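First chain A sits with chain B, and in the next complex the same chain sits with chain C.
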Partner chain A sequence: MKELYFAYYAVKKNIQSSAELRTSFLMNVIGMAVNNTAFIILWTFFVKSVGTIGGWTVADIIGLQGFTALSYGIVFSVAGGIRKIADSVASGAFDRFMLSPKNLLLRIAMSSFGVSALGDIVFGIICLTFYAILLHVTIYQIVIIILLVALSSVVFFSAITIIYATSFFFTDASTVTGGFFELFFTPALFHGGAFQGGMRFVFTFIIPSLLVGSIPVEIVRNMSLDKLLLIAILSVLWFTLSIFVFNRAVRRYESSNFMTFGS
Partner chain B sequence: MKETRLAINIVKILIKDRMLYPGKLIVDTFSVVARCGILLILYWYVFKLNNGVINNTTFLFTAWSMFFYFSFSVLHLSGIARTIMQDVQSGNVEVLFSKPVSYLLYRIWWQIGSGIFSFIIISIVASILLTLAIGFPPTITIGMFLPSFTLTFLLGAVLTLCVYSIVGLLSFWIEDVNPIFWIVDKAVMILGGSYLPIALFPPLMYKIALYSPFGASLFITHTVSPSWQNNWYELIGIQLLWIFGLGIIVYWMYEQARKKVSVNGG
Partner chain C sequence: MKNNIAITVTGLTKKFSYSVKNPHSGWIKNLFAPGTKEIVAVNNISFSVKHGERIAFIGPNGAGKSTTIKMLTGILFPTSGTVSILGFDPTKDRKKLAYQIGTVFGQRSQLLPNLPLTDSLEFFGVMYDMSKQDINDRIAELVRVFELDPFLLQPVRKLSLGQRMRAEVAASLIHRPKIILLDEPTIGLDVVAKKSLRDLLLKINKEENTTIFLTSHDVGDIETLCDRTIVINHGTLIKDLPTENLAKTFVFEKYIDLIAEVRFTGFPELPLGIRYTHQDENKITVVVDINKINVQESLRKLLDLFHVEDIDVYNADLETVIRHIYERDTTGN
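Up next, the complex of A and B:
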């Protein structure tokens, strides 16, 4: 409970701090939302040129971008600090998080707020609203969508925690983590219907890219409860694994006596 | 002469740096594998579902066209926009303006130098792998391919630098150019033929790609197409026109930016 209160307090303060530069704040939010429409345009033309693949229509592409943008936005807005682990480790700034009496992962995750990620949240909500309208969803499906946003955000958070925990294993970690992130996130934005056979297996169970957007879209469209159960189990497994990997990785950290405190 | 020496020195130093610290090469390789590699596998599957032909084009042409896009993107010429913004935000621009070299030229050569090592290595290795995996399109073997490809590649690089320099120079007036950068970058991504190859563009989108600077900066993706043999001079002409127009804007903006900065010394 205390940890949750801390998380709430940190997010509130981070938003207040970011909103101080009002023009920049608004431009970042709107700019990111406009920027994200590029993927919808691309895949819509793809569907128009190539036709339906794996049963995926333009509506599903909108749903995919909605789920992906929303989970990305939720995680990188409130837990933007995860992205800075590599730099903190390299510069020795991680010391100050180690000294904090709060939960270490929570402390570092909440240490930074991604303003532009708010644009992803706005974009994600708009996309999922359109998706719900296009699909003529029932109340039951709306509940499933909300549940899936939560599950895909957990998967996203777990994946990036594991990716950025590798910072403790490499000297110049920011480049390596950047590469791992590309490998995880880029397929999450791709047309889900084109992932079949071995590719689908790899990007579901080994790299959880499809759990962020494609599989949630298929669950809503087909009302597939077995897939919902699968994503729920996998999100719990990935979350447990990410905590384990993070705690193991932190043990490798060697303090460089960087004498600063605070956020 | 001084400018040429500066350019050679910057590029030489950065190539040596990248060879000694191959971190950037690793991340670029991951990026190309994640984006281009996975896309090619997906398109291979999609073409297979459509009996090998979509919009009168085959996977062979599509794959090479997309490969050229991602290979060009390894140069990271777009990074000049953010570098200029960081210089302005950090105040570093004041120091660089006081040097006896043109700030903009220095940044342009820096940008070219920082990406060229990864570009050469990845392009060579990936083109060999692609040739071994799927072969190469017959249009590549035509005599005029190499000179016209080289020319459009160089002009595309200059045009890209012009487009992103304009975005970067805006930071002298706007506190954060990131939102503008994202929009321009996505326009280049869509019209350049990244995730959707130009052969699959609808007619209107193809026209926009042809006559906008965003599409023109990546005309190398057109070079594998059979129509390239007939319209290459027209496309290179479009590139030259955009370079002329945007070059004037870059020059004007740079002069205005110079007037805006006050170097206080210290």
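Up next, the complex of A and C:
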């Protein structure tokens, strides 16, 4: 309970800290929302001109963008520190997290607030609202959508925790972790029709990209409770695995003596 | 009787390994299968520290000071050996230990850069699970002791280095730690800021019996702050003694300044046991090894060689003593 209270408090302070730099704060939020809107306008025109792609309609694409943007936004805003693990490890700034009396993963995750990710949250909410209107969803489906946002966020958090935990195994791992992240996230932005057979298996069970957006859309579209159960089980497994990997990786931390500032 | 030992270190060793290119192999082999080299940063050191002691943990750059502190605090895992701080093993009880110790790294800030200092202090209080009332009381106390009031509401990034270091130490003491470990806390500070910080640390040590364990290259920190000095070089502990005895380590060496009556015109060879350390036309400084020649005899022979207006005989200052210790350890003398 104390851990969660501190996590809440840290997020609050991080938001205050980001908001101190007002211009940068607003530019980040608005910039990211505009960027995402341009992206979905492109997809919408494309799907409208070709009808459906692999069975995916415009509404499905909007839903996919909503789920991915929201999980990305929630995780990278609240737990923005995860993205800084590579730099923290390389510079030795990770020391201060090791000196904290709190859970290490929670402490570093909540050490930074990703302001630009707020734009993704705003965009994700707008997309899912449109998606719900286009699908004429029931209350029951709305509950399922909210549950799926939570589950896809857990999967997203777990995946990036594992990705950035590799920073402890390489020197100056920013580029490597960046590459791993692209490998995970780029497939998450493509509609599920693009992945069939072996590729679908790989991007569901080996790299959990499709769990973030595609499969949630399929669950809502088909009201598939089997898949809902599957994504719930996989999110728990990925979360457990991410904590295990992170804790193992931290033991390899070797610190360094670059000058750094705290958060 | 209550255990009076705060820190026990036994056979502590830390090795790092890194990749090295084999000059006889091609770049592809070096890319996929480079050689590895191992360095021993800390080599089998043992010591203990009592509650309330003020320890200077010194050594030249790369001696293993920071690595040792990082193992004491649980940042690094030892390759071998054990550490017990207040009964905790930092490798297993990192979180429990963190509630009992404070840390300050001179080159690394722990404060929130964009927010006022008061927010950083409150942040640390919440992190250590203190109640709101306790946090407020402790902040008020630290603000008074550390004289933080003039810049309490200033964003941390706008503080001067001296103000920031005072703030860092204050933040590290928010939870009333039993031990504070400081890694070069006075680095980059001017003489006034250094004195101020030392005075504050002494005050905290006296009033709250906080054990102080610090690394520093500043002799002033060692002389004014620490009652015991541990010297480490090449990862090995080479001296562990009261600071007042450190200055006596080279008591067999006396320094003699000779001030010229007019000016010195030549610098003849000196008798056995005496050597020049400084020579110009106005002043000569020699060092006398009293194991080979006593001071009285030295003075007589020097006065035969030089016409002087004034003479000063003194022991080596602490900085010189420390430099000698490092140099002798390096050359193996």
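Just so it is clear, the second predicted complex is superposed on the first by the 247 of 263 C-alpha atoms of A that agree within 3 Å, B and C clash if a C-alpha of one lies under 4 Å from a C-alpha of the other, contacts with A are read in each partner's own complex, and residues count from 1 in each chain.
As a working rule, a contact is a pair of C-beta atoms (placed from the backbone, for glycine too) under 8 Å apart; a residue touches a chain by one contact, two chains touch by 3 or more.
Note that the coordinates shown come from a computational prediction; the quantities given were computed from them, not determined experimentally.
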item: Which of chain B and chain C A:116 touches, first, second, both or neither; value: first
item: Contacts of A:17 with chain B and chain C, given as first, second, both or neither; value: second
item: Which superposed partner A:28 touches (first chain B, second chain C, both, neither); value: first
item: First, second, both or neither for A:251, with chain B first and chain C second; value: second
item: Of chain C and chain B, partner touching more chain A residues; value: B
item: Partner chain(s) touched by A:93 [first = chain B, second = chain C, both, neither]; value: second
item: Partner chain in contact with A:130 - chain B first, chain C second, else both or neither; value: neither
item: Touched partner set for A:102, first chain B, second chain C, both or neither; value: second
item: Partner chain(s) touched by A:239 [first = chain B, second = chain C, both, neither]; value: neither
item: Chain C-contacting residues of chain A that also contact chain B; value: 21
item: Touching residues on chain A, where the partner in the complex is chain B; value: 21, 23-24, 27-28, 30-32, 34-35, 38-39, 41-43, 45-46, 48-51, 53, 116, 172, 174-176, 178-180, 182-183, 186-187, 190-191, 194-196, 199
item: Residues of chain A that touch chain C when the two form their complex; value: 2, 5-6, 9-10, 13, 16-18, 20-21, 92-93, 95-96, 98-103, 251, 253-255, 257-263
item: Of chain B, residues touching chain A in the complex; value: 21, 23-24, 26-27, 29-31, 33-35, 38-39, 41-43, 45-46, 49-50, 54-55, 174-176, 178-180, 182-183, 185-187, 189-190, 194-196, 200-202, 205
item: Residue ranges of chain C in contact with chain A within the complex; value: 16, 66, 70, 73-77, 94-96, 98-99, 103, 105, 107-115, 119, 123, 126-129, 155, 157
